[in-house]
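There are two complexes below, and they share subunit A, which is joined by subunit B in the first and by subunit C in the second.
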Partner chain A sequence: MNGDSNPSINASDVERYSRQLLIPQFGPSGQQKLEKSRVLVVGLGGLGCPAALYLAGAGVGTIGLVDRPNDVVEKSNLHRQLAHSEARIGTNKVASAAIAIQMLNSNVAIEKHESFEPKNAVQLASSYNLVLDCTDNVASRYLVSDACAVTKTPLLSGSAIGTDGQLTFYCKTADSPCYRCIFPKPPPSSCVGSCDSAGVLGPVPGVIGTLQALEAIKFLSCMNLTEDLDRRMLLFDGSTCTFRTVKIRSRVNGCDMCGESSQLEIPAFDYEGFARGGKSIDKKALDVPSHCRITPEEFAEIRRSGSSYKLIDVRPSQEFDMCHLDEAESWPLKSMEQSAGMDRIAEGTGRLIIVCRRGNASQTALRHFLDAGRTNVCDVIGGLQAWHQVIDNNFPLY
Partner chain B sequence: MTTLELQFGGGLEALFSHKKQMEVRVPDESVRTIKDLIEYIRTTLIRERHDMFISQGTLRPGILVLVNDVDWELVDAREYVLKEGDHISFISTLHGG
Partner chain C sequence: MTNKTLSRFVTFAQSSYNSCAGELIIPRMTEQELISIRVVFFAKARELAAVSSITLPIPSCTTPHAALNNSVLPRFPALKPLIDHIILAVNQSYVSEPTRYLQEGDELALIPPISGG
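What follows is the complex of A and B.
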């Protein structure tokens, strides 16, 4: 390989990368820098799929892939995680993404990693030039950022949910903030949405993941454009198709991770506990008596026996419209908790069975009924998800 | 009175009938700084789920506050003195992917 002053690229690569080589600020020297680059993509979901594919398409030399060891491709991923496929449902996501990358550009060296955990995060981050945070949860976001802060590895951090997306550059220079500089404490877990629970339109993480790849390509090829996302955050509102870029703080001296007196030791830090610790303080303990809870099997038996009961489904109405048990009546927890709903709760004496998606909201609803003095009321453990798993696998799982 | 444009994002708009922006006129004696504004929003504009905005008497963790598109930490944070026409944004950080 020649030096930057006299870059030369083989004929096949000229053809493959011609459209980006034609960009003056990129050119052959940018291409060579990309080919020598090593990028780690953490999370192969809605962000990681487009990000990894564009990096591969552009000819990044080595792409590291990592996700949770048990994270496999599910049918409900396919509307947004386009590197995966129907044929690979049930396949480990890293393995599935590696196949897609290999099919797109066989020049790329792929490094598959089994996990990104406190015990190996630092070592993993330190062996790459750039890390892309494409994860989907609070604990992982702190871990990825901490590992990048301590190893001084630049981190492009994307996130998306619903119709909103965010993107910023952490740890890019000595003055750049890390994630903890901006968000020293995790949010209460009651305020954290996930794509699984709150939903997401596929192109929203597609936009953000694609922009992660764009920023990565510019950074790795040293395009030296005047502005990047260092100390700036991009906010994307897909509902109005609006992009905003706002200015954010520099590195914070008192930061628990990158501050001067930081004593945080990544391998010993309890990330899951830290993320959970931001629990909402006024969320009262449910304390539902166990005799008021029935298993899906017990519920199936009650249905079969023909005895009378009323089934109340407390999921939000759009989830009820997606799928519900025939006899269910929709009464979303949210409307139940409004004052008119609370008045209605005390009415009636017949047997009530409460169901929700996973058996959490139903316990909250059950608590309301019990507090209102109702007896003969119970909820279904594990909700409709457990119903799918143990009783009727034709009932949709989502 | 001071006229401000409030903006909510990252899901916080759910607390404000899904309005992502609103113009408010606040009394300038009692609502002088952003700290006062947060209290004003809590008592005047939010009807339910106050825990999504306030925790232990202060703004809950995970909300980025912007004054005219600049991180409030760069402009005195809670003590920033509100000016006529300021755009104040409250953006909840996202974690999904």
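What follows is the complex of A and C.
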């Protein structure tokens, strides 16, 4: 650094961090600030894995890790959650990510937390300089933002699904918006896919999580760059490989959380219920009589007995193409619900068994059949996921 | 500013003043000229509209919110459940209140939240 030697960076660290120390706006002072920084990564999935690894690589002093207590590494995570590994399938994600971070940079102090919930969110957020929202669901996004708004902790919020990603800063300054300022009402669940249901190409959260780490490093090291993502949202369209930013609004005075007359009590707020608020699933549609539902064991027995039935698989066709039971006929719920499909429903009298991925869509389909006056029709509780778990673990789980 | 660009500016200002009467009022739908705007759909909005962007003729003197409700939505009814939950941006800037009219060539972006990770 222009011939200066900085006594507080030891020789080994100069070597380790040399390539970033060479960046003029970063330099040794940036490195020292990083080493004194405390960052909380909420969610160790497709966003949290690259974000946490890059923060660790750069030498952030303390990294807090938290995810759902029961969230363990699954085989279907490995295409995008690269901090985990085949050997750690079944391991808690926080524990697995901690191992990866430790292997990359043993200088980093890791703080493992069991959960991020309304009762501990505020206390957790307040003990960090910066929070990274790497969660995968609507309820958690409101909770993370609320905790950051009330503790005035800057929040870098990333999200990704399919081939799309978004990244912005919330709660960075007194004028910055929180998540509720921008999205006061959660969208209906039919409009919010999850990576589990809608799919995601691995590098898409990889891009966003990596940029989250970049923005975090610039912020924590106090690099004096003229523009950041405060009141700007980055939009990434991976299908055309296009980045755009839009200016977003400042803090809203009447915001339910960060507004002047906010009375929102985080520990008492029902986040799950709030996130479900716009839920578009028709309650009546799921209200099917219990005698019309069979367990995977009962279905296995029917299959073994050789009695005649028709198995209708109501998942989308690409999921049917991924895997299906041999005798199944594909009839996606979506096409069933079109008028031509509704006409077909009333046809025939033989025994029908309906199956889907998890036993939800099959109930909706079952309701359509019952409403059309069909009898002798049932659905499989828990769907093909339960089939994998109780009957045939060779049947793919996805 | 040269005289030429100044005079062009004045002409433009006058024409938009004349056609919109300067005030934010609901324009009469008769004797309206059309302008064309670019509508850009992101994430779930792109999926529901089944298109990433279109050029759409709208009446002049239309606010972004009115364009959304009166021109975009009738053409893409599938967007209905999403419409109260999006960021609406004109030329890459968030618009919260209908305080301006769209101009010829403006870009109206519909940006729904993404929650996955």
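As a convention for this text, the second predicted complex is superposed on the first by the 385 of 398 C-alpha atoms of A that agree within 3 Å, B and C clash if a C-alpha of one lies under 4 Å from a C-alpha of the other, contacts with A are read in each partner's own complex, and residues count from 1 in each chain.
One rule holds in what follows: contacts are C-beta pairs under 8 Å (C-beta built on N, C-alpha and C of every residue); 3 or more make two chains touch, one makes a residue touch a chain.
Treat the numbers as computed from the prediction; the structure is a model and nothing was measured.
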**Report entry** Fit or clash between subunit C and subunit B when superposed on subunit A
**Finding:** clash
Requested in this report: Mind working out whether A:Arg344 is in touch with subunit B, subunit C, both or neither, as first, second, both or neither?
Outcome: neither
Requested in this report: Please indicate which partner A:Lys36 is in contact with in the superposed arrangement: first for subunit B, second for subunit C, both, or neither.
Outcome: neither
Requested in this report: For subunit A, give the residues common to its interface with subunit B and its interface with subunit C.
Outcome: 43, 45-48, 134-138, 141, 158-162, 164-166, 182-183, 185-188, 190-195, 198, 200, 205, 233, 235, 237, 240, 244-249, 278, 280
Query raised in the report: Which positions of subunit A touch subunit B when the two form their complex?
Result: 43, 45-48, 134-138, 141, 158-162, 164-166, 182-188, 190-195, 198, 200, 205, 233, 235, 237, 240, 244-249, 252, 278, 280-283
Query raised in the report: For subunit C, which residues are in contact with subunit A within the complex?
Result: 42-44, 46-48, 52, 81-82, 84-85, 87, 89, 92-94, 96, 109, 111-117
Query raised in the report: Inside the complex, what are the residues of subunit A that reach subunit C?
Result: 43, 45-48, 133-138, 141, 158-162, 164-166, 182-183, 185-188, 190-195, 198, 200, 205, 233, 235, 237, 240, 244-249, 278, 280
Report summary line: Residue set of subunit B touching subunit A in the complex reads 9-11, 20, 51-52, 55-56, 60-64, 66, 69-71, 73-74, 89, 91-97
